[in-house]
Amino acid sequence: MLHTGKKRVRKAALIGLAGALVVSVSACAESDRGDSGSGESGGTLVFGAAGKPKNFDPIFNDDGETFRIQRQMYDTLITYKPGTAELEPGLATEWEPSNEGKTWTFTLREDVKFHDGTDFNAEAVCANFDRWHNLPSAAAQSQAIYYGDVFGGFAENKGDATGEPLYKSCEADGENTAVVNLGKAKGAFPDAFGLTSFSISSPTAMEKHNADEVTQTGGAFSYSDYANKFPTGTGPFKFESYKPQNNTVTLVRNDDYWGEKAKLDKVVFKIIEDENARKQELEAGSIQAYDFPSPAHYQSLEDNGQKILSRPNFNILYLGINQEGNPKLKDVRVRQAIQYAINKKQLAQNQLPRGATGRDQFLPDTLDGFTKDVEKFPYSQEDAKRLLKEAGAENLTLKFYVPTEVSRPYLPNPQAVGGAIADDLEKVGIKVETVLRPWNGGFKDDVQKLGKQDIHLLGWTGDYGDAGNFIGTFFGREKAEFGFNNPEIFDALSRADATVDDAEQKKDYEEAAQKIAEFIPAVPLTSSPAALAVSPKVHGIVPSPLTDERFSTVTVEES
Amino acid sequence: MTPKLLQRRRERIDELADAGDAGVSLAKDALRRMRANPVAITGAIIVALFVVLAILAPFLAPKDPRTQYAELKNQLTPESIPGPMPGFLLGSDQYGYDLFSRLLVGAQQTLIVGVLATLIGVAVGCTLGGLAGAFGGWVDTALMRFTDILLSFPSILLAISVAALFAETNQWTVIIAVSMVAIPVFARLLRGAMLAQRHSDHVLAATALGVRRRTVVFRHILPNALTPVIVQATLTLATSIIDAAALSFLGLGDPDPSRAEWGLMLAESQQFIEVKPELAFLPAAAIIIVALGFTLLGESLREALDPKKRR
Amino acid sequence: MLRFIVRRLLQAIPTLIVLSILIFAWLRALPGGPATAMLGDRWTPEREAQLNAALGLDQPIWVQYWKFLGRAITGDFGNSTVTGLPVIEEIGRGFTATVELSFFAMVVAIGLGIPLGYLAARYRGRLLDNLTVVSTLIGVAVPVFFLGFLAKWVFSSQLGILPPSGRQDVEINSTSVTGFVTLDGLLTREFDATIDGLVHLLMPALVLATIPMAVIVRITRASVLDVLDEDFVRTAESKGLGTATIRRRHVLRNALLPVSTTIGLQTGLLLAGAVLTEKVFVWGGLGSLLAEAIELKDYPRLQALILLAAVVYVVVNLLVDISYAIIDPRVRVGR
C-alpha cells in the first residue's frame, strides 16, 4: 500500500537558495533512474519535531527524533516498505543467508553515490561494518546502543561492556557484493539490517571528519564534526544546517539520488518540545506537519481542517506482574484473575487514543509469530472473583507501580490508565495501593532493577519486524521486573531466535507466544497507534508502524 | 553596604514589623478603619466564603471526588469529555471524576496547601526570627545572614529549586517548596517586630520591674508581634496558592490526579481547553478570585497598620 | 569604587564553590539520572551501568567534582546530555534569548507602569485610580502560565494574528551576530528579521511584564503620593512655581528614586520569572533550558545554570548598588 501522493509539478514556491542549489547540483546529475525529473521544484516542508536531535551520525543514536532526520539523509542495506514493517531492497537489491545463517551476502545497487560524490560500493559497506565493530572508546561504544544490542559486542569491549561480538568480518567480493560473516545465527536478521542506526555512511567523509571521535567530558558526550556538521549518506536529502539558535534542522534535496528523487526542495525540522505549541503552529500555518499530537487534540485539529494520520499499531502496553513481589502471584490462577478483571476494551476506548485496541498477546498481528490460537481471558468479573477464591486470594493487596512524568505513544497518560486499571481490580476485590514514581526518578530502578512492585505499567515500541524484539526482550531471561524463572519459556524463545528458516522461526515464535499466554508473566493490555498531524496541503506522508516516514514522496501545495 | 535589592525587600518587611510596636489598641484602631474600606470588605468576604466553602466542601459535594464514575468513564474518550448530565452538574473531567465535586473539594485541598505552606513558613520563620530577636549577638547575625540569602532569591526560582531537589514530588514537597519562600520573610518580620518593641515603654517597664527575660518575651513582646505576622500570612496565602499552581505546571507538583487541587487541575487540563474549556477555566477563575481575596484583605490590613498612613 | 567592586566579587567566590559542591553532590544523590533519560524504553540495569561508566558517573563523587572544577575554571562546563552541545554555548544562547525577552518585558512594564502609577496618584480616589489599583491586584493574582496560555489561545488559535511560540519564523534567514534577534536584524539591515522578532516578542513580553508592571504601578503611585505630601513640594507651591514645573522638577524626580530600586529588583525577578513564560511560549531561553534540564536530569547543564544564577545574582546586586550610588549622591556621601 504505497501512497505516492499526488504528483504535481510545482514552480518554485518559496524564496531562498533552494532554486539556486537545484540548478547548480543538477548540472552534475549522472543517474536518473527516478520517474520524476531533477529540475522539479516542490517547495518546503516544515515539520514540527518533538525533541532535539543528539547528533547526525546514525550509529550513535537510538531515539526517534534523531532517526526521523537521519532517515531522510541516509539509506540502509535493507529498508522497510512504506507503511509496513516488511522488508524491501534498500542499498542492497538482494540479500541471502548461507552457512546456517552465519553469512549474509548482499548484492548492492550500482551507480549510487554518497553526498560527497564518492562511490557507494562493497568496500564502503565493509568499511561501515568494520567501523562499528572497531569503535575505539567506551564513550563511542556506549552510544552505539543498537549495535551493541544486535551485534552483542565490539572488537575490544571497553568499560563495562562484556558482550560476545557476533560480527566476524566483511569481505568485498568485487564492486557490488558484500559478504558479512557472523559468529552465530540470529533471528533478528535480516530485519535488523534495516535499523536506521545501521545506515551506510561515506567512508571518505567519516575519515575526513574523524567520525569515531566521541569523547566524554563532565558527564556528557561530545561528538565529531562528522556527526555534528558533515553527515554524509546516500539518501534523498542532504544535510544543510542545524541552527540551535532557532531550533531548526534544514535538509535540501539530493539531485543525484539513486531512486525516485524527492519532490520537495527542502525539509525543515523545527523543534518545538511543547505539544500545545506544535498544534498552534500547525494551525497558524508556520509548520505543515508534526509528530505525536495529543489525543485530546485530534478532534479540534480535524475541525480546523487538519488531518490526523494514525500509524499502524506496533507497540504494546502491558501490566507487569512481579511474582517475587507477592507470593500469591506465583499462583497462575491469581494471574488469570487479574487478566479477567481488566476491561481492556473499555480501557482502549476511554483512556487511549483513537484506534487503540485491547490485546490478548504481546505481538502485533502483522508479525510472524502472532497466532490467534492463544489462551484468552475475556473481561469477566465473575471468572476473576471465582479464580481468586479458588486460589485463596480474596484479600489480595497489590502494590501497583505507575510511572509519572512520562508520555509514550502506548501510554500517553499513565496516571489516567493506572487509575482505570486500579478501578477494575478493586471491583473484583483486589486491594490496590498505587505508587506513583517519576519515570526518570525511581520508577525504572524500582521496577526493573529492584523489583519493588507487585504489578506495574510498562510498554514497548517495536524497533523492527521481528517477534524476538518484542517477547524476546521481555521474557527471554530471568528479570527483576517479572521475578519468574521458567526455563521452558526461555528455551523456546532462544530456540526461535536462533532459527534461520523463516517458516520454522514463525512456528517457533507461535509456540513461544502460546506458552507465554498460558503462563501470564504479564498481562498484555492495549496497543495504541501513534499519530501524525498534517496540514491538508501536504500529500504523500505514509504513516509507518516504525515511525519510518520518508519525506521524499511528499508534496506541499502552494498556499 | 547591603545589596540594595535585598534592602528593598527587607524594608517592606521591616515597615510591617514596626506596626507590631503599635500595640493592641492601635490594631483595633486599624480594624475600625478597615471596616470603612470597601476593598478590605470585598477581600474579607471572598476569604470568608472560601474558608467556609473549604470546610463544608466534603458535605456539600454531591459525589465522591476520588471515585471514577462508570457513568462518566464509559462516555469518556480523550477526544470528548462528557458534559453535564443528571447527577453530575458539570459533567466529567478527563479522568472520569465528577468535575463539580472536585471543584468544591478543591477549595479544601487548595486551602490546605496554602495554609500548611504558610504555617510552615510562619512556624520555621518565626522560630528563627524569634531566636534572633531574643538572643541577639552572633545568633542574630548568623540567622539573619541565612535569611538574607534566601530572601535575595527570586521567590518562584527558590520554590522551583527546592522542588527540583526532591527525588520525587508529592503534596508535601509542594508545600515545603512553597513554604521555603515564606520562611525568610517571617523570620525577618518577627525579629524586626521584637526589636521594635525592645525599647517601647511597656517592655522597658517590665524589664525595670525585674520580670524575667523569657516572661517579657512571651508575655509582652510576642503578643504584640502577632499582628504583623497575621497580615503577612494573609498575603503569603495568596502567593502560596499561585506558586503551587506554577509548580504543578512545571511538572514539579503532586502527580496524583485523584487529589483535587485547583492548581493541579488547572495545570493538567490545558490540553483539553478545546475539548472542554471549563476544565481549565473554572479552576483558574477559582484561583484568581481566592488569590485576589487574600491579597485585597492583606494589602488593606497592611495599609491600615502602616504608621505613615496613621496620620 | 573599583576596590569595592573587586572586594564584592572576591567575597562571592567561596560562596560559589560551596554552592557548586552542594549542587553537585545533591544531584547525584537523586534517583534516576541522565542515563535513564537517554535510554528511554531501552533501559536495562546493565545498559545503565555501562553508560554511567562511559559517562564517568561511576567514579567517586569527589573525583568527579575535582574534574568538573578543573574544567569549569577554564570555562568548560561539559556538554549537555540532551543535545550533546557544549553547555556554555547553550547557556550563551539561552541567555541572549532570556535577556531579550526580559528587556522588552521591562520596557513594557516601565513604559506603561510609571505613567499609570503617576496618573493614578494624581487622580487619587477617582475612577482611573481605582481601576488601576484593582487591575494591578488582579494582575498579581493570575497565574502567569495561565495568562500566557490564554493569550496564546486568543491571539494565536482563535484570531490567528500572533505566532504562538518561538523567537523566529523558519522562513527568516538572518545572520546571527549578537544572538539578539531584533538587534541582529538592525545590524545586518535584515529588517524583516527585526520585525519578525518583535512580532514574536509581543505576546511573551506582555505576559512576562504583568507582575513587574503591577508592582511598578503600585510603587510609583505610593511614592508620588508620598512626595506630594512632602514639605518641599508644599514650599514650591507656596513659592508660586507652576504646577508643571513642580511636577517635572520635584515630584517625578523624587518619586522615581524608590521606583528605580524596584525596577532593579524586578529585573532580577524577571530573569527568574521568565521560567514560566518561556515554557508557555517555548522560548528557548534560560528558563526553558532549566525546565528541560530538571526533567531530563541533564547534570552538566543544571550545574552550570545554577552556578550562573548565583553569579548573575551577585552581579545584578552589584550593578544595582552602583547605579543607586550614581542616582542618589547621598549614598555615596553616607558611605
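Annotations
Labels for the chains are A, B and C, by order of writing; each one numbers its residues from 1.
Basically, a residue touches a chain if its C-beta (ideal position, glycine included) is under 8 Å from a C-beta of that chain, and two chains touch if they have at least 3 such contacts.
Note that the structure is predicted; figures quoted are calculated from it, not measured.
The chain occupying the central position, as judged from C-alpha centroids, is C. In terms of C-beta pairs in contact, A-C outnumbers the other of A-C and A-B. Rounded to a whole number, the gap between the C-alpha centres of chain B and chain C is 24 angstrom.
Taking each chain's centre as the average of its CA atoms, chain A and chain C sit 39 Å apart. Note: centroid distance chain A to chain B, computed from Cα atoms, is 47 Å.
The multi-chain contact residues of chain C, meaning those touching 2 or more other chains, are 30-32, 149, 279, 295. In chain A, the residues touching two or more other chains are 276, 405, 438, 441-442.
Shown for chain B are the residues that touch two or more other chains, namely 167-168, 251, 270. Taken together, the chain A residues at the contact with chain B in this complex read 275-276, 294-300, 346, 349-354, 404-405, 412-413, 415-416, 419-420, 423, 436-438, 441-442.
Chain contact summary for the complex, chain B toward chain C: residues 1, 3-9, 39, 152-157, 160-161, 164-165, 167-168, 238, 242, 245-246, 249-252, 263, 266-267, 270, 273, 280, 284, 287-289, 291-292, 295-296, 299, 308. By the touch criterion given at the top, residues 14-16, 46, 52-55, 62-63, 138-139, 141-143, 145, 149, 158-161, 216-223, 228, 244-248, 268, 270, 272-274, 276-277, 280-281, 283-284, 286-287, 405, 408, 438-442, 444-445, 448-449, 459-461, 480 of chain A touch chain C in their complex.
By the touch criterion given at the top, residues 30-34, 36-37, 39-47, 49-51, 53-57, 64, 67-68, 71, 76-87, 89-90, 93, 149, 152, 156-157, 160, 163-173, 176, 179, 279, 281-282, 284, 288, 292, 295-300 of chain C touch chain A in their complex.
If you check the complex, the residues on chain B that touch chain A are 68, 73-74, 76-80, 94-96, 167-170, 251, 255-258, 270-272, 274-275.
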